[in-house]
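You will see chain A twice below: alongside chain B first, and alongside chain C after that.
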Partner chain A sequence: MTSSQKTESFFWAKTYVHLAAGLVISSIFLLLVMIFIFAGPALFDQGHRSIFTWQWNPYQGQFGILPMLMGSMILSVSALLLALPLAISLCSLLLTAPRRLSARLIHMVIRFMTAIPTVVYAFAGVLLLTPLVRFSFGGSGLSWLTATFVLVLLILPTMVLVLNSGLKPKLDDLCPQGLAMGLDRLDLLWFFVFPHTKKTFLAAGLLGFGRAVGDTLIPLMLAGNAPQVPMDLGQSLRTLSAHMALVTANEVGGAAYSSLFMAGALLLGISALVSLISRALVTS
Partner chain B sequence: MNRLHILSLSLLFCCLTMGTAPATTLKDFQGQKGTVNIAGGTAHIPVMKAAARSIMSAEPDIRITVTGGGSGVGVQQVGEGLVDIGNTGRALKESEIEKYGLQSFPFAIDGVAVAIHPANPVSGLTQEQLIKIFTGEITRWQDLGGPDAPITLYVREDGSGTRETFEERGLNKAVPSTNSNVSNSNGAMKTMIAQDKNAIGYVGIGHLDSSIKALPVDGMQPTQENAQNGSYIITRLLYMNTKGEPQGLVRLFIDYIYSKDGQGFIAAAGYIPKSKD
Partner chain C sequence: MKRPLIFHVFRSSMGLSAALVLGCVGTLFFFLLLKGLPTWGTELFFGDTAPMDAIMGKAPVWEGIWPAFMGTLCLMTVTMGLVLLPGIGCGIFLAEYATPLWKKRVNTAIDLLAGAPSIVMGLFGFTLILFLRRAFFPEANTCLFLAAGCLSLLVTPVLVVNTREALEAVPSSIKLAATSLGLSKNQIIFCLAVPMAVRGIVSGSILAMGRCAEDTAVIMLTGAVANAGLPSSLWAKFEALPFTIYYTMAHYQSQEELNLAFGAALLLLFLATAMVALAKLLEVGHKLFWQGERPSVLQ
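So, the complex of A and B:
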């Protein structure tokens, strides 16, 4: 290949990359513009002013989506609070005894779990977990608690893998000297690696939170979808994503429909914020 | 409902409606080619699919696609010209007819039945009790002669044709309590009620089977026969909608749904055929 041919093929490769990047960026931009244009009427129209209120009752002209926003937040936060200690323990196990059969098995299972579609989790939850929750807590079994448990299963693998890949190099660095000093891997992990890896923890937490907030099928099938703020773990709640899935099927145009775009914009805003923060943390 | 039942029902309807059914048969599709795209209400799917299969196996040059999406999707897609027929489980709103210039073709009657867990001894409700239950005024089964247990409410999502029918005809437009669980299809509703022995909810009569127990309301038995003869009043119509007057193959398809064959498919899906106005 002559050098001019090389330059030429390099030129085409560069153009191609730029085109691809431009296409992706502009379609995301268009998506944002579209959502905000559609959400516009819900925000600025006098008739639809009720959107930031606590009552969702389309037949009475009440289109408040705050219960759903609240539902999304408390469900994701509770799933995160439950998943984080679990993820840290699992990660400690994986890192301190990497060659043990049980650890390798767990690693395999966790990687396999990332490939399971959420509808499978949700369906299994409906059949197996709901009756159990109903039996122990009463009510319908479709509740904040049920959805939290299954969401934990969903976000756990992501969090474990992020923690693992963030902590492993640091631990490996410390290992020869640390082991020579008579400490074992668990000591090194707890006393030397953990205190200096706040960012990895934050990144794992934020990624887990982002997945939990964005998931639709698990809350749709397991949280009961009542448009209310739950007073205890046994009560039913509705998330923004489940709300959108429920309402889109039956509404076209009108206030309920445009309020959906507001819900979408909020959801998009939350996940964009979360992923920006976690990106900044991971790269810095 | 067992198969023999459905068969005899459909035969009965065929005999009853023979005079009024349009003469469209599979023969009219001979030599036709092209596509018909159908989307919308999920209750319609079994009927549409059966008709599509029957037409397509007779005339391989005709392609008919059937997808769901719900009543709203049906209106939007047919209005925007994305499909030829948009199905709804509710009458079109005035705004939808005006915006898109749609025409409606009601072709079947469906009843909505109140359903509870089969182990629940409660055997009937008055409409007044039904309203009190769903608005959250009665919260325990023992107030209705049932076991000492709280009632769990299940409703369908906003805008569902089944929900609209139930609230308008069954609850006299009362607003159900906001702590009701919401499920997004007849199938999901049935699963929930079958699992929860304190449940009360509602499904299309065609979806009733032994996994749930249908309750008479004010002594009205929820059966398709009673929905047909008017002695059960919690009923709705299923509609096909087109943008403007249907033409060509779409017209033939609609007439086929009203034909003897179509009435058979409707009855087999658990609904009552309605003759063309």
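So, the complex of A and C:
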């Protein structure tokens, strides 16, 4: 192969790499543009009243999606509130006893959990958890509480991974001197690492929240999908994501579609905000 | 040293939370295994149809998960066909060619995409079809190709980030030595760095395949249906394992139908776990080879 041929072949390789990057970037743009363009008319056409209200009743012309927005928020926040302490204590166990059998078992299980499809979580949740909830709270068993428990399992591995990668370097730095002073690893973690890693906690919480808001199958199959704001943990609720799946599945019709696009735009907006903030936290 | 009460509470909560999570995941796994494993057999896949006829496509399968299984395989193949070249290319661009400013921009965009909920990707496909119907093709409809396109958007970040990290794991000393021997930048990238990173790139691709096998929300909005038979063309509706599980769970009438869902759920769980495990194995091997030390299993 002569030298000019070789340059030629690298020219194509270089072009391919740049084209590929361009393609990926432009498809991300296309995604954002399409979602927001379709959501636009819902904002401007019918005034703000019909979409941003508290009543969802398509057969009487009421297309409010505020209950769904509320449902997404309270479900994700409650899952997060349960998952964060769990994730912190699991991560501490991994960090303070890395060689113990229990920690290795937890390692394996966390890795296994990242691989479980959300539809499988939801499927097992319906069969295992719903009867329990029905037995103790009455009703159908499809409720805020049920969906929260299963969502906790879904977001837990992500949060443990983020916490682990943020806390481990700091603890490792402190270890030789700290252990020599007679403190154990948990002391170091609790008194010296935790007070200085608020950003890591925040990033882990945000990522967990993002996953919880975006998940569709668990709320769809476990939360009962009544378009209302639940008053207690035993009541059913509907999230934005489940709402989207239901509207497309039932093909309610034209006016309902605008609520679908609005729900999509809201979800995309929330998740974009979450990724941008957690990115800023991690890089700063 | 005097430690506050909350410290002791926290110390004992570590074991408790571990037991709780182990208990939940263990129950879930063994429940699926106990209920799902007995259903495995030709009955589960092919129903009453003779297996050979079903595999050759001579006879339709009505009461089995064979069409859904084939649908998932087709979906994975088409998606990987669409996403491999752009995803890997974008990863190489990020690791080797991008200026710091572009690196920041592209990484932010990839982060946005990685954080976007999968149902939004499905909605994107849905809006595309509505747009095509209004503008060009009145008969456009959701189909296998559309679902694969949206799924490829979903798994792009996985592929890009893994390719980038695999390339960054190649030691800079090798690049330095190659430069001092007079190799050009392009030669170093395409003749040294990329071949050395191949194992990491393959691991990322397997991870991406796993993601596209398990995702349900995207295909729900872009053409998965309960009864379509074997996938007939790129422009037809199709069946897929995750959608079958969801649909059966929502509509089952008898224990037999529920058993079908159990079998499908266990199959999907095995498929997803096997892919993640394989990807992890390759990645650990890649890092072990180039960085000399065993990386933390969790990172």
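Assume the second predicted complex is superposed on the first by the 262 of 284 C-alpha atoms of A that agree within 3 Å, B and C clash if a C-alpha of one lies under 4 Å from a C-alpha of the other, contacts with A are read in each partner's own complex, and residues count from 1 in each chain.
Note that in this section contacts are C-beta pairs under 8 Å (C-beta built on N, C-alpha and C of every residue); 3 or more make two chains touch, one makes a residue touch a chain.
Remember, predicted model here, so these are calculated numbers, not experimental data.
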After aligning the two structures on chain A, examine chain B and chain C and state clash or fit.
-> clash
May I ask you to decide whether A:Arg238 touches chain B, chain C, both, or neither, giving the answer as first, second, both or neither?
-> first
State whether chain B or chain C is in contact with more residues of chain A in the superposed arrangement.
-> C
First (chain B), second (chain C), both or neither touched by A:Arg134 = first
First (chain B), second (chain C), both or neither touched by A:Tyr16 | second
Could you tell me if A:Gly61 is touching chain B, chain C, both of them or neither one (first, second, both, neither)?
-> neither
For A:Gly269, is the partner it touches chain B (first), chain C (second), both, or none of the two (neither)?
-> neither
Once the shared chain is lined up, is A:Pro169 touching chain B (first), chain C (second), both, or neither of them?
-> neither
Using the touch definition from the top, say if A:Gln228 reaches chain B (first), chain C (second), both or neither.
-> first
With the two complexes superposed on chain A, say which partner A:Thr118 touches: chain B (first), chain C (second), both, or neither.
-> second
Counting only touches as set out at the top, which of chain B and chain C does A:Thr248 meet: first, second, both, neither?
-> both
Do chain B and chain C touch any of the same residues on chain A, and if so, which?
-> 126, 220-221, 245, 248-249
Chain A-facing residues of chain C, complex = 1, 3, 7, 10-11, 13-18, 20-22, 24-25, 27-29, 31-32, 85-90, 92-94, 96-98, 106, 108-124, 126-128, 130-131, 153, 156, 160, 184, 186-187, 190, 210, 213-217, 220-221, 242, 245-246, 249-250, 261, 265, 268-269, 272-273, 275-277, 280, 296-299
Would you pull the chain B residues touching chain A in the complex into a rising list?
-> 69-73, 75-76, 79, 95-96, 99, 150, 152, 154, 157-161, 167, 175, 178-184, 188, 191-192, 195-196, 198-199
Okay, in this complex, where on chain A does chain C touch?
-> 10, 13-14, 16-21, 23-25, 27-28, 31-32, 34-35, 38, 85-86, 89-90, 92-94, 96, 102, 105-107, 109-124, 126-128, 153, 156, 160-161, 164-165, 168, 183, 186-187, 190, 210, 213-217, 220-221, 241, 244-245, 248-249, 260-261, 264, 267-268, 271-272, 274-276, 279
Residues on chain A engaged by chain B in the complex (per definition of touch) = 56-60, 126, 130-131, 134, 138-142, 220-221, 224-228, 235-236, 238, 245-254, 256
